[in-house]
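Sharing a structure, written as structure tokens. Questions coming.
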Amino acid sequence: MMEQAFPQIKIQTEDFDLSQEVAAMRAGHKDIGAVVAFVGTVRDINEGDEVSILELEHYPGMTEKALEKIRQEAHQRWSLENSLIIHRIGKMYPTDQIVLVAVASRHRENAFYAAHFIMDYLKTNAPFWKKETLPHGEERWVDARVSDQEAEKRWATA
Amino acid sequence: MMEQAFPQIKIQTEDFDLSQEVAAMRAGHKDIGAVVAFVGTVRDINEGDEVSILELEHYPGMTEKALEKIRQEAHQRWSLENSLIIHRIGKMYPTDQIVLVAVASRHRENAFYAAHFIMDYLKTNAPFWKKETLPHGEERWVDARVSDQEAEKRWATA
Amino acid sequence: MVKILYFASFREQLGKADEQLPADYDSVESLLQSLADRGEVWQQALVNNPNLQIAVNHDVADRATPIEAGDEVAFFPPVTGG
Amino acid sequence: MVKILYFASFREQLGKADEQLPADYDSVESLLQSLADRGEVWQQALVNNPNLQIAVNHDVADRATPIEAGDEVAFFPPVTGG
């Protein structure tokens, strides 16, 4: 099971509870002063159109490895106590939770930067693909955003 | 009641549930794609000493007004759907939650910046004071940090 | 009358959380001078203290801020919340 | 043998999620040239597509990446998770 190889990475169809996941990530790490949690949710509008269903596909095996690599990179760049990435797959609906990135550190600055970094890299480096269904049943693959490429570049080191 | 004047500001002695508070903040705002939640927690170590109790005092009336001003400033600087600030007062213990800043926006960048901004301003502008009790019963007021002053300055506009 | 509040270490040092004083002061500065006359501990906390923070009617203020009858003036050390 | 995977819009366009091919290719480039011979749709998706993303054995790769028997090669469009 990939979940055992990378215990801080979870790919799942079911929803997650923010409080429970953050509590589990904090457990056993008492010297935490700051937790930053990012939750990505399904918007009801994309590119000006109403969206009824969002379906997430991924590349099993590569996904876990790519996310763990991003997580490890964050731990190398900032002093962190722990971190967690959960990404849902399958069908989701407007307002549903899609992704959770949670980071715990002693001081807030590291947690803010690391969570933002992980999300920016996840957007451009983790093999997930979104397909939208519009109200009349039309399906379309979501295009990658140039703004996400730009966001990743800001973290480049010399 | 101050809670009615500033419904997105809560000063309370009781703990809060992260999932419930985030869900309430999102309710009625469907066009949300990103939520950033910051939780500040009681560390068991400060200035090299073990801490047994942390007591939070505040200035009723001014606190709510100061926090609402910071929140409004964040909404002016970034495009946000909603935001929430909860700060506990009274006695707390290591690992307890002290503060929650939650921000919801369409895109993640605004939520990350706004939550970080609100925390940095809260640290230097909201009238709260911390007193620590060490294991042998010695009490001391926590000193303001120069690093918090520096953190606030980064957000200065020209 | 003017309401005066003291918070955190100031409240402990001065042995007082709040008091009412006649509205005989035209600014925070003149109020502070009057309070300093009470003795060394008041002088140290309120006049010789570069970290003194001031609020008038729940807004951040300074020594030059005018005060009038009915105002609430607060003195406190740098804040440490969050 | 080499395992080939197609994801998202590629899987739909090519009508195939995965296949096994003999390990007759020394690099991703030679595998792509061979797949392009299957017709216009393959040519468009895999050769004339500046957005083609490639992974070999779960790591990001490119056309020059060597492949050998037992490898898993994946082709997909730019990712859109999060």
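A, B, C and D are the chain letters, set down in written order, and residue numbers restart from 1 in every chain.
Everything that follows uses one rule, which is that a residue touches a chain if its C-beta (ideal position, glycine included) is under 8 Å from a C-beta of that chain, and two chains touch if they have at least 3 such contacts.
Just so it is clear, the structure is predicted and the values come from calculations on it, not from any experiment.
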- Maximum centroid distance from chain B, chain identifier (CA atoms): D
- Item | Whole-Å gap between the CA centroids of chain A and chain C | 49
- Message: Could you work out how far the Cα centre of chain A sits from that of chain B, in whole Å?
- Response: 24
- Task: Could you list the positions in chain A whose residues touch two or more of the other chains?
- Result: 40, 119
- Touching two or more other chains - residue numbers and ranges from chain C: none
- Touching chain combinations (by label order): A-B, A-D, B-C
- Query: Where on chain A does chain D make contact in their complex?
  - Reply: 40, 56-59, 61-62, 65-66, 87, 98-99, 119, 122-131, 141-144
- chain A residues within the chain B interface of the complex: 17-20, 22, 26, 30-45, 94-95, 106, 108-109, 111-112, 115-116, 119, 147, 151
- Query: Given the complex with chain A, which residues does chain D contribute to the contact?
  - Reply: 5, 7-9, 51, 55, 58-60, 74, 76-82
